[in-house]
């Protein structure tokens, strides 16, 4: 058995045993902490990859290498300003994103606007996806289309008006109630099935990791 | 016979037309200030009543688990909650488990608390505990010892220092609070606070969530979670209730979500229209024997 | 330190019947304090605002506050009680400035237990489900060929790789936006392994932009070994697996832009997705790539369904690597999962039947049977 | 060609409007202070990013590369100040954060505690060995540790929350008789939830063939799933539009000074 597989097996087994043995239980928390620390170390790899890819593009004068300079510059400026807490009102002991620091300025006026704008592009994407995908092609597509349609309508003021003419005894069929029913009944069934399936998938995946079946990223293939 | 390139171009043009319609359906109602009166749903009413029934001096944990990315949906809720709590004279304990969340607390303090409630004093009536990393594990710690989970406030003052932070005098753990209000933009969010704080601590919890996360939260209501505001519509309904109860609040900054519902509604109608048109085209093509995609 | 102030308010009744005992099934250090509500703590007679729990380690010693709870509560777990030390407790009802304490009770000490019996049901189910998976894997390893149904998404992936080989366009693989702490990511990496073996054989460029540095390291190893095994080590290019950004939309910006420029023949999305899933899939749609996605994120599946050609839903995503590899051991694991589903269906069926009978028939037997079955699935955290 | 002309005309008109707007004093002067400058920067970046909807263009590419650089660095900075310093250094050598970064960390940490936290330090350093081409196999040890941790921690997490809890919630009476009467609505709902759930589970059943009785059951399961997705889609659209409203609000209100 190769060393990495032994490590995986041991670590996982200890953590599983710790589930049932109270004196070992603190290990579970400590190991999650360890994970975060190692993930923070991994940032060095990320930085090396980012700089490496763009540096090679600049050196080889790949088409659009000018943008790579932009990327490297914005990366390095942000990194240096942030790591050294340059211009931070609290000094080196203060908060990393203290108000009034250049790092916070970059966050507020460069990071946030581009980030939020890209996020808001989803409004357009949702619309075009709805236009394209919601067609009465077959039974499944039609069911999805009709439900989405009802929900969309139910979220506007029209939702109350469309079915307002129904007599009081038909109350459950008023759109707001119908929408609520869809969310509580069929959706519950669907979500639960997905969750149960996911649980089974994760159990199998965990076991395959622990047993070391077909995991080339631990070195050596099978 | 249309060539493939032509078809792609046609599709691209259609896509741009959709984009333009959406942009207009959002911008035009905003400039013309089209807005609709909201009708509060029972769930939002439950949330409102829960806050409304707080006694003066109630201790409320106000969690800001969102960031600038989800701000358009959640910030109107956190603002409305803050106003409502201050009007009820509650003590506010603000914190976030999101690394990008502290700016949101700062914004509420700067734009709502300080200007609108000048008699709210830091350390006595409200406290900003800032960001603490650790997600649900930290909630579990707070369940037994609040000071251990949140050793300092955002200004690095120890939370055990009750001389400088008298508001901490009455807090030992999660159970010390009368209510938890969670403004949830994703993970960690409402499910974590319900599972690790509200249920084991026996503290009522209400919350607001982005629309995308709401369907997963419905199963918690009303047993484990008193009620929740679902997306901007929930926020707008809450604002409507707040305005009806406190007419003094009739100011533009107190109806942000209500104003934003105008463009929302128009955009929804536009998408509904797209779906109808799309199917119209599809069916007519099908009849002519040319099945589109 | 709070002195016990019994400020003469005789009107306030103290909490009744205070009891203390060691918290069972734990690592020590926790003592449970229970009491009956003060008669002044009722919905209509709500004088009491809360209870304070006090403790001392000496009989007759100075009490100190260990916790406060709101009105209506009847239990407190003191998690600061060092194991092995004896403590005395008392509970104080408070109403504004007034307080009234119960007589002290004790002594009590906390101890640790070796086994947490509360979790017997997790052990049972873990052994059942895990055992089934391991057993079927073993059967598979012994060479038994299991039959499984087809997944259209998998066939589409294979076709897409062929197409890319013909047209010379690259393939993009997006391993989701969660770190290695999420099993979806790991399942995604297993799919990457299978995909990269195929692309290595068919000499297709595979590009895997990364969200997290750790995932990048694992993806890089996956690709390296896959190329190595296919005998095309020289074709491995370290720039094919590259880090973009840990920020959701930083990632979307980088990858979306690349898609527009490199015009991939296909995009595969396997892992955990949030809003970036739709953003990327729509860009992929625009450039006309064939797209297959797999995720267990329920909130994102609807959007991926509208924007991708095929979506592997939840469990199907975890099964994708087994389908692609056709490795008997992996396929065996799927059979183990099927056993789990049958178990779930059986439990729900029998449980609902018992619950219905318990609801309709006035008989203790059904109630007992139902509760017995429920206790197997009891997690203590509610829904 | 005509399309380019139209685009150019629209762009010029917008630019002209912007100039008039700015000169009329309705907008903030970008050179007044950092905040005003920030607003202009933010607005220009917002517009450049929005241009991606039309097509991939140099303005968007500029924003894209700025954002990638800034966000990557941002998370690294936070990783250092929020994980490495308080979680690693404060546990291994608390003297560094206490004396060099003026942090409020206790320096009285036991040797055992320090040694325990040398484990992640060592694993972290081991991971970095892979920067050297020959370090790949050594750094796999760290990955092995990570995978083991994930498998060990998540196995029971999902079992509890997704398997046990969901089955527990699904065990309910199918027939509802309350307050002296048979409740048709509730009974129907209970049957639909339970039946739908079972059918959906059979949809995921890998051993089945797609025809026969099991095929029909799983088909119904697929319908329920499609209904779930449709509902999820319809419900979420609102959130996505809210984000666009937020952005447009920023442009119209904070920057252009309309409204």
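Lettered A, B, C and D in written order, each chain numbered from 1.
Assume contacts are C-beta pairs under 8 Å (C-beta built on N, C-alpha and C of every residue); 3 or more make two chains touch, one makes a residue touch a chain.
The shown structure was predicted, so the numbers you read here are calculated from the model rather than taken from an experiment.
Among the other chains, the CA centroid farthest from that of subunit B is the one of C.
The highest number of C-beta contact pairs joins the chains A-D. The distance from the centre of subunit B to the centre of subunit D, each centre being the mean of the chain's C-alpha atoms, comes to 16 Å. Our note on geometry: subunit B versus subunit C, Cα centroid distance of 24 Å, whole angstroms. Taking each chain's centre as the average of its CA atoms, subunit A and subunit B sit 19 Å apart. For subunit D, residues touching at least two other chains, in rising order: 49, 52-53, 61, 63-64, 67-68, 70-72, 74-76, 78, 82-83, 87, 127, 130, 136, 140, 143, 146-147, 149-151, 153-156, 158-159, 161, 163, 167, 169-170, 194, 197, 201, 204, 225, 228-233, 235-238, 240-241, 243-244, 246-247. Within subunit C, the positions touching two or more other chains are listed as 122, 126, 129-130, 180-181, 183, 186, 214, 217-218, 221, 243-244, 246-250, 253, 261, 275, 298-299, 301-303, 305-306, 313-316, 319, 334, 337, 340-341, 344, 381-383. Annotation for subunit B: residues touching 2 or more other chains are 15, 19, 22-23, 26, 69, 71-72, 133, 212, 215-216, 219, 233, 264, 267-268, 271. The touching residues of subunit C, when paired with subunit D in their complex, are 121-122, 125-126, 129-130, 146-150, 180-183, 186, 214, 217-218, 220-221, 224, 243-247, 249-251, 253-254, 256-257, 260-261, 298-299, 301-303, 305-306, 313-316, 319, 334-335, 337-338, 340-341, 344-345, 347-349, 351-356, 358-360, 370, 373-374, 376-379, 381-383.
Put simply, subunit B touches subunit C in their complex at residues 8, 12, 15, 55, 69, 144-145, 170-173, 175-178, 186, 195, 199-200, 202-203, 212-213, 215-216, 219-220, 223-224.
Of all residues in subunit A, only 16, 19-23, 25-26, 32, 35, 38-39, 42-47, 49-50, 52-53, 56, 64, 111, 114-116, 118-119, 121-122, 125-126, 128-130, 132-134, 144, 148, 191, 194-209, 211, 213-221 touch subunit C in the complex they form.
Taken together, the subunit D residues at the contact with subunit C in this complex read 49, 52, 56, 60-61, 63-64, 67-68, 70-72, 74-76, 127, 130, 136, 139-140, 143, 146-147, 149-151, 153-156, 158-161, 163-165, 167-177, 190, 194, 197-198, 201-202, 204-210, 225, 228-230, 232-233, 236. Remark: subunit D residues 53-54, 78, 82-83, 87, 104, 169, 231-232, 235-249, 252, 258-259 touch subunit B in the complex.
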